[in-house]
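Got some structures for you, see below.
The same chain A turns up in both complexes below, where it pairs with chain B and then with chain C.
On to the complex of A and B.
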């Protein structure tokens, strides 16, 4: 990727090179702009495209980590009374599998698309607050490190390089092992050790990253749209980004406070969830799912956005019922806040509450169904091209519907009472998460990677990826419906033979390896695309939205001239529409103002690592760990203060294209 | 378009400055933070009405005083925003010093209250009341402290002579939004946590 950095000056006229000099900040700090050093350039970048690529790379890595964890779980369950991993290790694996996939794989993969695409789709130069964007990325990295830190300790201990002594002796659970929703009172000090603290602090830091990123995207989408790009002309993916960001800023506070309460219980002996002091463990369940259910839509709405972009492009038709698709997304997001208790039907909420939550849950099927019909309506009568992104998008519609059907079964409280905590639930949410979200994300990767790196896919590996993932996920998860109805509970370390579970489990395990191979092939295909010699060109798919109007990969300033939008599918109208709906261009005589790069977001975010680890280890009784936490807090304050003082900075660019046209 | 103007954030579709918009969004999100804390308190209060009798501990005089002080600090904050808009740096600094001073008085009252309560036997580990009370009011106190830190930094920055009305009025306004919000949250806490206990 280093070639991109040297790209910048070549897009300029020699006489404009002096314009590259960044402004000096009030305290005389020079900004790390145009660094020849690749590391400095990427570590201090505020470019939404680079940040998006880093999000994507890290998230793909964690997708593989979570995938390997899943494969170990499936291998353990392949045969009855297996002893591949210990029960404790098994608990750690399913906890970290869930946590990793949700917070470290899918959310950042979505964030990668948000980052890369939203400013391009709305014709902006960057997000509203480029440095906050960098801060979100590095906080995500800090949170990921803190949450996975236990694996390092556990590995060191296994190799005899480290042993817990003193107050931490005997607490060989450095890795979280209480399930990804961390139900009280299993998270209390009596039952779990440092792993729970890493989990609390890690999620807290990831929350900071998500919330700050969401503020940024909302402001960007509301305030930075190109002239003429009215809200009802926004691409659906940008719409879904806006809705998801709103969900994040209103849903995450619930878990932030719940985690703070849990931390206080563990560190300072409060009684929020401790039964002995009068605390009610069910409060955790409510607070968690008030966050947790909107989180489901935080994961899936971007996938719906991706599919709403891909289907029209490859059907050569506008999206059927654009406004109702957007409105349905908003309704899903809104109702998402009102159904959390359907995760808790068996806790005894009372008939009225159960009926109300059951009804509202069924109501969510309506806007979801509306979307599905609109996608089918988009295909209807279209000139469908079965290229890679389209294949996965079609897979999404089909597989997501399967997950939706079992979801409607859960919404009925009496049925749910039978399915609760069984493999039926696992089957349901994996159809949604893999059949739905992951297929849509793969579709997005096949659709937008040529735009991101400027190189075109080659070969037919994508077909193998499609076959392996779709077949693999069905072989893995379809039998789980039967397993669940046969009574196999989730999260059991192993099982006895004779319940009729053996064949199904073996089939599931074989399927999971096929699915794993499919994801591995995807990674191979992505690497091949990076090494491809075939240039992508601006618009390889004959697409409709604004990001395809600029070069691939887009220049650092995105658009040489800010586009003026006169239609909903702006580029489509520009290519095939009447004169009155074509794209215009804004004259910017004074050049393009670019924000300066900065070290401060990185420094402030890195402070989260000692803060998180320090607080976790302090609870475990490690001496001096409190000082590490204070050091972290000071680093964050220092970083943010210098950040404020240095100011946004900036320099001017005069792209050759714009100058030549003028 | 002047060189200065071209450095602006660009056009704003909503006619609201980006900084102001992000602060409003943060405040919306912050409502959920405090909403969760206050609900937790009220839920446990309803669940265990006889666990703890706060009316014997609360000093309505002291808390009314600190509430009044915080309200007045909001008044001074409004004055400093107005002064900044008019470019009256001296008046701005004077009012900000007032806000900081009043904020510190409020924090002082809270520290006194906490130590007094702890002395009387209400600890964070005292049932659920101690837990919810201290985490909720403590989170509010941290908000006030962050606000004070923010205003002190602004005061120092204004001393450097680089603060200008056309450039920095928006920053002061955003700090003002935050300060007023923290004040409003306290009015809610004062009502539903303190005053309600004295009814009936």
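On to the complex of A and C.
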């Protein structure tokens, strides 16, 4: 710890943030603390709440990007033999739609909730490693830029401002076009161009962001809980964050290795996946799906966490079977590593492996079913209030169940032979992804945005959002079950008439516009909420968990005094419970130690951009691109080194509430 | 609050109305690639399992979903709700255990037939009737199969290329592309190979898909229509053996002999959507005829033998006149077709990079199923066929973007200088139409 900080409370020390002066770091540079410049403040912030909001904003942006890609896809498929986009463009669109939605929309939306809520829910001042938290955010931004860089090149080429030479000349494939799971050998140099490299490098960078964030949350949740907040008193959302973080730690190395091998194949001519050189394309599928299946739970468990918070609040009852809900979450996470080959039932695994993965896949339906039973049990005997978050949470349970049913249908391997790679699968995972994850996330936004910005929702727009999304979702994806069973394979940029697919496709397309409108209305409603004049107050929903015990928006230090927790639903017990269960407060006369802001996480993360682009362009034959990669590496090393030697810094605050009460 | 509830009810009404509309609008499940109207034991097993999962999940949907709806409505907050908090119950282990047990039980109902299905659909049944020798008639065909072939199942090797299919019949020494001909009621072992990226062989009404993976030898089995024993069991036919055989033949003729549609189901690059194939299911006698025709291949135009034709072609090509001769000259010469295509019989058309064109004009589609010329009576529409040939030769890259016939390191027809003119395309198309 920096020696410049005085740990002795002094009456002269200012409790007002604005009057604090920034200090010099250990390397003699002025720390960007207390900056009046809003850009500097946000770019160098280490505050988990600001980082969470930035994650959320960027993720919403990418949700819209992915949504527009989806709408173009649906428009192309509205009628047979349509020519709205070329085959290549269509392939780029569905590849980027999948990649964007999974890695740039849902994961960061979840991360936004993790960041904002976990420290509040556990009564902490921040995450364990605030600067690593900033580093995760900016690495995510770098990865997102690298993956999407191809669109820029393609746009420049379309306007005649740029033309490619070298191996990818005329191939028009700067944008990834090999599907979001990039099956080898379609990803080899022989078949795809620079788009694949951008995709590899971008995902690799996003992996760095996810893994560093996950370590941060694991350490935070295990070490920084408020006194009395035992593990089995943790809010379920925090539990799910912990499980998801562990899943990320175990799942991402598999794809990191697979991507590294693929990069070596492309850039340095190794033969991991090339048959001619003795490699095995099927190896990619195993490596990808042993990441990819846990990834599904990485996406869905936070959604389950959100719903497990919203349902009790709006039925005024504790979660039914708390420990079983938590345990089944852990079981889902564990079993999630044992079912990856059900994505590969048609690859000729052999009878025994197919049977084993078939049975394990059925087994995973049990803990998932348990959660549904417990959610219904939570409502039983409660007082169900149909407020905005609750409407979406109720919709989640219903729609997620639908996605679960088609999941059970896939688990029967012979039946799956007809469903795999058809629109039936598309229907299945969109019921899970939209009906499940997205509805839960919208529920979470309606629930927690007042806490995040201190303003309350107004008007009834939320009902329109609910109607549009749920109706749109069903009209878009329900017919896809039939499309798939009538033989329409996925990833077809167009189709002939005469196969009985025309009506279904048209209906799906209409549904997708309704769904798109619903999401657009959500954005409008969020903007209206930001402009709302109605203050949210600390606890607008009569909620149960600790984040509602502090102000909305929470002060930079979260809690003026660290709470002492005496019950599972800490705030609920404080409001309605017996005296012994009420919240206590720590005596913290020495003030609140706040971490210093820093440029270093940003600088280190930005180094990923030249590194990723440089390696990709080097493969495509762009001269000197290799030097850009070296420059990127140097920047990362430089950023992290300075970060290490600048010292953690920090300053003390003495909030009025705490001082006055004392 | 009641306003909200009303809206919520409206919402569910809307959803159910929309779903009903959908069911009514697109109810026809008897389509070209339907997995509902199946015509073979493999697809039938798969459909049975699917329907089982539908019933089980349907039961859960009604019971759990119905209970859920009931709970939401019964315990909604109303004006009459008291201010007192509801009972703060934390759960009930007995209920939990009971529900877990029930879930496991329901899954077992699916699991047991699934295991059976996995074993059954994996490869041709291990019995006498599955062997080629049990049905293949050496007398009826011009190809006699070896002892070894007789003691193994009938094999077709499906090879995936970007973006077309090669079908080899290794036991018969013949090969074709994109449209395979198979005998009804006979089990067939399909070997799946790929020369470039991963493809997937999907013939929905006959069998679910299995992938073609480079560097890996996958296989599956298909059978169009039931074997006579299975048919007898299902139809509960009673009568003499002779009547039975007759009735079985009628069954095959009326229900099974047909033209089946298949497609590539694993994303394989730009023209993935244009990688279809067809299976023409015929009776044994037609199958033998097809083998003969495929083996015999084609004579040179004008009843010439190939030696004479090539002598003229090499020394005095101007003596070979007429559209078909002109077309064949282009085929062998300027258009470089023979570099990549086999035409059985023609001693110099032996390229193997592209589809085998033997009896091309007998096929009901070209360009891997993308350009079709089938009449409603399931014969070849020759006018449409001609149009399709012209379209394909003139606009190969538009019909199938990225494919090798257009650009292949100097060997593609898109790289000819000058490109084929209209007259040449017309002549080539006429020649191709003569391949029957």
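The working rule: the second predicted complex is superposed on the first by the 634 of 662 C-alpha atoms of A that agree within 3 Å, B and C clash if a C-alpha of one lies under 4 Å from a C-alpha of the other, contacts with A are read in each partner's own complex, and residues count from 1 in each chain.
Methods note: a contact is a pair of C-beta atoms (placed from the backbone, for glycine too) under 8 Å apart; a residue touches a chain by one contact, two chains touch by 3 or more.
Model, not experiment: these values are computed from the prediction.
Q: With both structures placed on chain A, which of the two partners, chain B or chain C, ends up touching more residues of chain A?
A: When the residues of chain A touched by each partner are counted, C comes out ahead.
Q: Once the structures are superposed on A, label A:238 by its partner contacts, choosing first (chain B), second (chain C), both or neither.
A: Neither: A:238 stays clear of chain B and chain C.
Q: Which holds for A:260: it touches chain B only (first), chain C only (second), both, or neither?
A: In the superposition, A:260 touches chain B alone.
Q: Let me test your reading of the model: by the given contact rule, A:191 touches which partner, first (chain B), second (chain C), both or neither?
A: The answer is second: A:191 touches chain C but not chain B.
Q: Looking at A:550, would you say it contacts chain B, chain C, both, or neither? Reply first, second, both or neither.
A: neither
Q: Check whether A:397 is in contact with chain B, with chain C, with both or with neither, and answer first, second, both or neither.
A: So A:397 only meets chain C here.
Q: Which residues would you name on chain A as touching chain B in one complex and chain C in the other?
A: Looking at chain A, the two contact sets intersect at 279-280.
Q: Write out the stretch or stretches of chain B touching chain A in their complex.
A: 1, 3, 6-7, 9-14, 16, 18, 21-22, 25-26, 28-30, 32-33, 35-37, 40, 43-44, 47-48, 51, 124-125, 127-128, 130-132, 134-135, 139, 153, 157, 160, 162
Q: Once bound in the complex, which stretches of chain A touch chain C?
A: Against chain C, the touching part of chain A is residues 86-88, 91, 177-179, 183, 185-186, 190-191, 275, 279-282, 315-318, 320-324, 346-348, 351, 354-355, 358-359, 362-363, 365-366, 369-370, 372-374, 376-377, 379-387, 391, 394, 397-398, 401-402, 405, 408-409, 411-422, 460, 463, 466-467, 470-471, 474-475, 478-479, 482, 485-496, 498-501, 503-504, 507, 576.
Q: If we count contacts the way the header does, which residues on chain C are in touch with chain A in the complex?
A: Against chain A, chain C makes touches at 1, 4-5, 7-8, 10-11, 14-15, 18-19, 22, 25-26, 28-29, 31-36, 43, 45-47, 49-50, 52-54, 56-57, 60-61, 64-65, 67-68, 71-72, 75-77, 81, 85-93, 95-96, 99-100, 103-104, 107, 110-111, 113-115, 117-122, 192, 196-198, 200, 202, 204, 207-211, 213-216, 218-219, 261, 263-273, 370, 372, 401-402.
Q: For chain A, which residues are in contact with chain B within the complex?
A: Residues in contact with chain B: 26, 124-125, 128-129, 211, 215-216, 218-219, 222-225, 227, 249-254, 256-258, 260-261, 264-265, 268-272, 277-280, 283, 287, 589-591, 593, 641, 644-645, 650, 652.
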